[in-house]
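Can you read through this structure? Questions will come right after.
Chain IDs A, B, C and D follow the sequence of writing; residue 1 opens each chain.
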Amino acid sequence: MDRAGRPNQLFRNLNAKIASIPMVLTAVVIFTGATLWTVVYSFTNSRLLPRLEFVGFDQYERLWSSSRWIVSIQNIMIYGTLSLTFSLVIGFVLAAFLDQKVRFENTFRTIFLYPFALSFIVTGLVWQWILNPEFGIQSVVRSWGWENFVFDPLYNQSLVLYGLLIAGLWQGTGLVMCLMLAGLRGIDEEIWKASRVDGIPVWKTYLFIIIPMMRPVFITTLVLIASGIVRLYDLVVAQTSGGPGIASEVPAKYVYDSLFLRQNLAQGFAGSTMMLLTVLIVLIPWAYLEFGGKKRD
Amino acid sequence: MKKFAVAATFAAALMGTTAIHATELEVTHWWTSGGEAAAVAEFARAFEEAGYTWIDGAIAGGGGTARPVMISRITGGDPMGATQFNHGRQAEELVEAGLMLDLTEVAEAEGWRDFIHPTSLLDSCTLDGRIYCVPVNIHSWQWLWLSHKAFEDAGVPVPTNWDEFAAAAPALEAAGKIPLAMGNQPWQSSGAFGVLAIAIAGSEAWEAVNIDKNADVAGGEEYARVFEAAAAAREFRKNSNVQDWNQATNMVITGQAGGQIMGDWAQGEFQVAGQVAGEDYSCLPGLGVNEIISTGGDAFYFPKLNDPEKEAAQLALASLMVSPEVQVAFNLKKGSLPIRGDVDLEAANDCMKKGLEILAGGNILPDGNQTLSPDTQGQIEDLMTEFWSSDSISAEDAQRRYAAIIAQAD
Amino acid sequence: MTDHAITSVKVNDVSLNFGSVEVLKQLNIDVHQGEFLVLLGPSGCGKSTLLNCIAGLLDVSSGQIFINNKNVTWDEPKDRGIGMVFQSYALYPQMSVEGNLSFGLKNARLPKEEIQKRVARAAEILQIEPLLARKPMALSGGQRQRVAIGRALVRDVDVFLFDEPLSNLDAKLRSDLRVEIKRLHQRLKNTMIYVTHDQIEAMTLADRIAIMKEGIIQQLDTPHAIYNKPVNLFVAGFIGSPSMNFLEGELTNGAVDVGGTSVSVGRYGFEPGNENWSGRAVLGVRPEHVIVLNGVDTQPFSFDATIEIVEPMGADTIAWTTLGGHSFTFRADSELNLEEGQKIRLGFDPARASLFDAVSGERI
Amino acid sequence: MTDTALDIRASAGSQARAEALTGPNGPKPRPIISPRNIMIYGTLFVVSVYYLLPLYVMIMTSVKGMPEIRMGNIFSPPLEITFQPWVKAWAEACTGLNCEGLSRGFWNSVRITIPSVIVSIAIASVNGYALANWRFKGANIFFTILIFGAFVPYQVMLYPIVILLREAGLYGSLTGLVIVHTIFGMPILTLLFRNYFSSLPEELFKAARVDGAGFWGIYFKIMLPMSLPIFVVAMILQITGIWNDFLFGVVYTRPENYPMTVQLNNIVNSVQGVKEYNVNMAATVLTGLVPLIVYFVSGKLFVRGIAAGAVKG
């Protein structure tokens, strides 16, 4: 019948599209554009200023022949795995405990969460201090009589990552706990009633029923923790400066140092390209599962 | 909605910027500690007395934190009036990109080349015959600081050179001392290596490696001895679990450690602690082996502002910085040596005077900052950090990697 | 039902795909002015989707939608002249009842007096005047749904859309509100399109029912026709509780052979052209059409049965037995005091039954 | 015989009755000190110590004098309480030639944080709303890219953004910094808002559309009033993040706008000279005070909002 006034496909949801312009710009110009820019310049010999003199894969060859970079990658793998595991486990256990209708829940929750309000710089400084053998835990325990007590993770190459972990978990598990607690509160009471009637032990209920039901919470948490791990920088700088030796170097620090201390932009860009590549390898399957596999509605 | 509008106006009001007066000059630097700040204040005072306004843009945390800010601002099109860099190659590309003010005219009019000593300082400010920066002080790295108390406790005489020090190390250890104090930061590791290199390999080999980038020399006989010495020093420093250099110096002051390889700025720490050179501590330039010092230091660059008024102020500041009075006032506070051979530092103490003598005698070398690119230095720092902190790298391995870095250096 | 001339809502060849899934397949419906049309079907049949398409909340993949002879296929919901009531009431939690009622009118920039007038009228009709100042949180389920209906009412539109409006209510409230909706329709005489999965609501409210399955309308007719002459096995089985008894057998020479028992369907009203149909067929008998015989075979077909299960319902009793190897239920007067194991003779009139092609499921 | 049989039956009956009288009766007793409670409270208590230790150390150290710090251990309470470090950190500590302590940076931080928080939340909430309710073609692609963006190390972006801001003529301005904070806050905030808005009943959105409300009408009149919890979460995250930011504050602004964290860094990181631990700690606590207060005040809403924004994916 009347075909007049047919809305152009472009103008469907026009307001929604206009409102999304900042997001689209950020996604395209900043995240995609800047990333591509970075990748392109990683094939040049740019030093202090970017310049387009291409040198092929030279920067990458150098990157992978640098023992500091290799150590950085190993460190972030170890730290990442431990940090992910421990924050999820500790966060979940604390949340499960708080969910037992404990008294002073608010107090406990505030105690666990407050470190998240503090920056990594502060976190690193405080823990550097507490873990300092001269006047931290080690000296205190020694003053109690255990003269041979040794606890100096920040000064021991093989333990320094755990020193970082102690501080990182201190800062971050509160938020994980909060997310988990929120997830637990979202579980239908009747699930609990059913499992109680069926005589399923509490730990089994958590492991096989509750946790699978909390998949979305785990995904959000994973995104938060994982992005924090990839970006790990401030904490390392404040707490160990990468030391002792290069035992606690991380990729982000390598990139930053190359870009601004070493004045070798291209090397830094090569490093960041490798980091992004790793992220993509991990994220693309996830994004496919999340958005590609199932359809909303 | 109404609340929203109010908030927006509030935000807009907050974003308003303050008005800027003419002939203000913003100066960025990373001198934030007590002595450093006092030294900068001398510049500021002189500048303001000349009728300008000094806007201080201090960024603490050393060059690593401050330099990205400075470079970002210069390349971002919002340059400051003047900025500190270690002279040498750090700002080379900014100069090449035409972002820096040419100071040649002032320099020639005032005859900088005549009084700046050593002239290598000015050379590293020069690109294609034009001068782009003002050196303000000389720092040297090649000092071994020794604690008299520690050696007394160990029952051995205070050594007068590195070999004696190495020989005394077991005695120190037996007395429960740490022979060599050293902080864990990378620049300290690579600095100490540089000092050992000049002292042990000698200036010729050092120049071949650092100036001519001769990888054969870097992998050769002289440097092999350097790495052996460094490996020995690595044993001496094993138990010094400190991060900052001044904490390490403090171990020397309190007699916990026998000695420390550190630049002339360590002097200030001894002074603050009320120690007297020759009585409580000794200083051995060039580790007592080769009395040579390198002449690194700081310099100021003046980004182009395209504002004649500001440019005049920049040139005025440049000229002030090298003037004799300001040089004396500044360097006394900073604890560094003046860049002019024609000023007299009466107030200087023993160690500083030793330095001045060597300087006057011409036993000097340029600083690594002047000869190597930051990138190469960074690679060396990485290597040295690894080397000093763990026994897993042998001296030979480290030398091989060192030679490889030198071979690639530009 | 009297005025067939004016079409109020016309759904013309509407299809909708979500990716590769066809949710609606070339649907055609004409809803008459003032008619109460119920979209009925099991969950996932596409009935709510169709309603959302009519409302303009979903874009169709192809086809057109007309409301009052205007092509509204690309119009915004607000411009279609519809009001809508949702299952979860969808009341704006932060607004009072009055705010909820007037929100749409304010958006349409109606004058204040007009808004007040309409809100007052709706409140009067639905008897929610005392609640006007309350927030939805402070209302009971029934009150909330009344407000939701009021929100459609104030829009003063020709077409009302109901998306399972009573599903969230308990049984008693549901039947109360059902009557109220019927009364409302009688009073307003608007066109109403009503989605439900509850056949009692459909039967009681509808002028016509559209039974949907897998995005296709199976039958669109009056409740009476749908109940008595279902067009296929799906409709026959979906409508009626307990379900129709299906007896499968061979149809030859005007008789169905059900597990050895021959049921003559001589007086059955075949669809035109099917009078001589033969082959595998399904005979559908409604439990309420079965009569317990007291010695006299008053029915055209009768048989002996043993009662297996008895379900007393109060007013009547549902009993289970077997006929020709098929489970067979019937509805009997509770006064008969049927007991399990009791022998009994049952009869029914094949003319009131339905016959379906066992292969295609179509009515014969 | 019959008697005894009767007796037995009677006694059995009375036994059952007696049991009925003395057996479990009324509420099941739940001892306060049960193994379960000991485990739960014990764990919570031990973990609390781990979490509180640094705060304790910070505060104790900040009220000690320097001599006492050199002598004693960091966990011992101060022998003599002094607030001099606090005064110094706030008003006297020097950065280069400016001896105004943290006070100068405090107001800068306020000036940076308020507009950045407002703008970033405003934009992210509209994004999330558009993604959740107005899914248009390609929206998910952009959203996926945005989530990737959450993993890009900030350092990598520093340089390209310098160039972009320079080209836009915004480099060094507060507006530029607000834009940067908006960009880097966008991935996580958009995710939270999208999840939150999709968790709201869709019928509400449909009802509003039938009622004639448009994109902005629904956002402001329907969605916004229902979104307090998630806005609180976003505010807390952004206030914390922006207030604690050092890198962007120092790279993208001019010295007169440097935030408090830069001053903190200046006080804490002065490599040369004696480290004044007490002043450092006081400065640290002072810098963290604003986000800490925000947490303590709105912690409860935070959990509620997190529940709404993260539970539904």
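Some points to look at:
Please note the rule applied: contacts are C-beta pairs under 8 Å (C-beta built on N, C-alpha and C of every residue); 3 or more make two chains touch, one makes a residue touch a chain.
The model shown is predicted, which means the values in this text are computed figures rather than measured ones.
Placing every chain at the mean of its C-alpha atoms, the farthest one from subunit A is found to be C. When the C-beta pairs in contact are tallied for A-D and for C-D, the bigger tally goes to A-D. Centroids of subunit A and subunit D (each the mean of its C-alpha atoms) stand 15 Å apart.
Separating the centre of subunit C from that of subunit D, both taken as means of CA atoms, is a distance of 52 Å. Distance between subunit A and subunit B, defined via averaged C-alpha coordinates, is recorded as 36 Å.
The set of subunit D residues that touch two or more partner chains comprises 158-159, 265, 268. Shown for subunit A are the residues that touch two or more other chains, namely 12, 259. Among all residues of subunit C, none touch two or more other chains.
Partner subunit A is touched in their complex by these residues of subunit D: 40-41, 43-44, 47-48, 50-55, 57-58, 69, 73-75, 123, 126-127, 129-131, 134-136, 139-140, 142-161, 164, 182-183, 186-188, 190-191, 195, 214-216, 240, 244-246, 261, 264-265, 268, 277, 280, 284, 287-288, 291-292, 294-296, 299-300, 302-304, 306-308, 310-313. On the subunit B side of its complex with subunit A, the touching residues are 63-64, 67-68, 71, 75, 90-94, 97, 184-186, 241, 243, 373-375, 377-379, 382, 385-386, 388-390. By the touch criterion stated above, subunit B contacts subunit D in their complex at residues 1, 7-8, 10-11, 14-15, 17-18, 26, 28-29, 31-37, 40-41, 44, 54-62, 65, 68-69, 72-73, 75-78, 244-246, 265, 268, 272. Of all residues in subunit C, those touching subunit D in their complex are 52, 55-57, 76-78, 82-84, 86-94, 103-104, 107-108, 148, 151-152, 155, 163.
Subunit D makes touch with subunit C in their complex at residues 201, 203-204, 206-213, 217, 221-222, 225-226.
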